[in-house]
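Here's the structure we're looking at; comments come further down.
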Amino acid sequence: MPRKPIIGVIGGGTTASPEGLALAEEVGFLIARADAVLICGGLNGVMSAAAKGAKRGGGLTVGVLPTGNKADANVHIDVPIATAMNTARNLIIVRTADALIAINGSFGTLSEMAHAFDQGKAVFALRTWPLDKAGVDDSLYVRVGTPREAVDRAIEYARNAIPKERSGPDFAP
Amino acid sequence: MPRKPIIGVIGGGTTASPEGLALAEEVGFLIARADAVLICGGLNGVMSAAAKGAKRGGGLTVGVLPTGNKADANVHIDVPIATAMNTARNLIIVRTADALIAINGSFGTLSEMAHAFDQGKAVFALRTWPLDKAGVDDSLYVRVGTPREAVDRAIEYARNAIPKERSGPDFAP
Amino acid sequence: MPRKPIIGVIGGGTTASPEGLALAEEVGFLIARADAVLICGGLNGVMSAAAKGAKRGGGLTVGVLPTGNKADANVHIDVPIATAMNTARNLIIVRTADALIAINGSFGTLSEMAHAFDQGKAVFALRTWPLDKAGVDDSLYVRVGTPREAVDRAIEYARNAIPKERSGPDFAP
Amino acid sequence: MPRKPIIGVIGGGTTASPEGLALAEEVGFLIARADAVLICGGLNGVMSAAAKGAKRGGGLTVGVLPTGNKADANVHIDVPIATAMNTARNLIIVRTADALIAINGSFGTLSEMAHAFDQGKAVFALRTWPLDKAGVDDSLYVRVGTPREAVDRAIEYARNAIPKERSGPDFAP
């Protein structure tokens, strides 16, 4: 059986708008309902709202923290990952997610979108940086209009990215 | 409600002995039975055996990979974390675990033990490097004799390390 | 005496244009002539051209590599830094540079610019991503027209960023 | 022409003894006299003493910092590398050095030695952790008695590790 899809939600911490937070919570809820795992930066704003939504939907939440202190994770995170690597943790979120949804966000989010593109991974963009205007191709920067569209498309994208068969090492003592 | 304890199992990949693998599987099983999350390096040997045991025990398994490819995770990993940071991922395992159990292992395991001590975190040592002989204090390097002793002591250690109350940011739109 | 300024040159590897490479070599030359240290990603394209220019100017070149193999550095690098952290090395370049000059470049360069902005650090932009069109403020994204303008402004920016007095620990046995 | 050897000096910060600091300064001096580059952690204690010695010897000093603030480097560092990756910077020092000399040191130094062994790289050990007693082979853990012996052997080891010809990409517009 393939593993569950892992959907990354990236976006503003202190800079998210009330609308952005509401979108993020709905996105998190729908990710959980799709039986996918939520991964995010583990802190406040969009990260906390998405995790809250995912918990309401009965899902699993992973927060990849910039600090080495798991107590920095928001209260909706099940599995805090303590990196102590500051914003280098952004790359771990991007690499680990099978698909990414961006909501609002400032330069940290911009960096995550750039790393995603650099890895050939699409970002589903919901009220965030208009990178199409800077020349990013619409196969990578995909504007979406609603949480439902964001999650449906991200899940479909993720399912295509996940190998049908597990290929890693097994263990047979 | 406090989050679940996260127990790290570190040890040999290709270098683990058949005995070490059997110990690791039992350790993983007992971690799951204690309702704790298993974190490991996600690859083969002790990492795979512990994850197999944890799945048999009904637990959740997190594998922090040195590569950027989640398909490198062993087949017992629920949540692969793709770091693409090579052995710098060792530090993420050590920081994220509330307590660590070491089984067999070569220099990678030795590095993880050193990082744990550096962070003031004990390692419960089951047939691994005899660091007491090199002068590491027995409050940090704790020899244990069985998987049961390793897991019981690690769980107790972890429970003491986890704050009773969540203190991270909440979200209330 | 304050330390020398460190100027980061970021830009395309395989994607740089012949014009971009010529600009990069001139930028590197002028950095060296200004008695500043060049830091870059250590590989090919803009990274190699800038380093070649800096050596022609008699300067010191540092290349922060994504791999763990120093032999991957281009032949103009004096000090290869082997990270084995893949694109997480981009952040080290951005943090270490006192000022950044971007020339051409694809998504890796875009990520470096985003990290610079996230750290409040300006990027002097020479034929690269038009991030002003995506809404980045012109105090951070600074369009320049020539290598001379890029280096003059970067050096001035760097000198303002470097403390006049060294404040780190000394050693007096 | 091959690049200069890069010799890493690792050891105690606040925990170094007066004897250890004096040894480190002499080691740094001899590294510079051998026309090699010194790399270290950039902070205090052994790191500062070795850098002071290298500057007295007319050498180049690189400090790979755990923080993102270059002003944290000791006053003898020419090129501070700001990682903001906490102790993950230890691995960068180990990977970048062609050979390593350890002097005194606590668990951070122990982690660096373990990472060196993991990479198949020898450590020349001067009054530091007695890892031979824990079973590390003497081809990797090499006890030395004096700064002169440490540096002579490290330089020889480094010269054998550096390719005679540069093989990285060139640039020819």
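Things to note:
Here the chain labels run A, B, C and D in written order, and each chain numbers its own residues starting at 1.
Operating definition for what follows: a residue touches a chain if its C-beta (ideal position, glycine included) is under 8 Å from a C-beta of that chain, and two chains touch if they have at least 3 such contacts.
The structure displayed is predicted, hence computed values, not measured ones.
Comparing the chain pairs C-D and B-D, the larger number of C-beta pairs in contact belongs to C-D.
Taking the mean of C-alpha positions as each chain's centre, the chain lying farthest from the centre of subunit A is D. Averaged Cα coordinates give subunit B a centre that lies 39 Å from the centre of subunit C. Centre-to-centre separation of subunit C and subunit D, using mean CA positions: 25 Å. Put simply, the C-alpha centre of subunit B and that of subunit D have 30 angstrom between them. Contact with two or more other chains is made by residues 68, 84-88, 91 of subunit C. Listing the residues of subunit C that touch subunit B in their complex gives 68, 84-88. Per the touch definition, subunit D reaches subunit C in the complex via residues 3-4, 6, 18, 21-22, 25, 37, 42-45, 48-49, 51-52, 60, 62, 64, 68, 70-85, 88, 91-92, 95-96, 98, 119, 163, 166-171, 173. If you check the complex, the residues on subunit D that touch subunit B are 85-88, 91, 106-108, 110-111, 113-115, 117-118, 129-131, 133-135.
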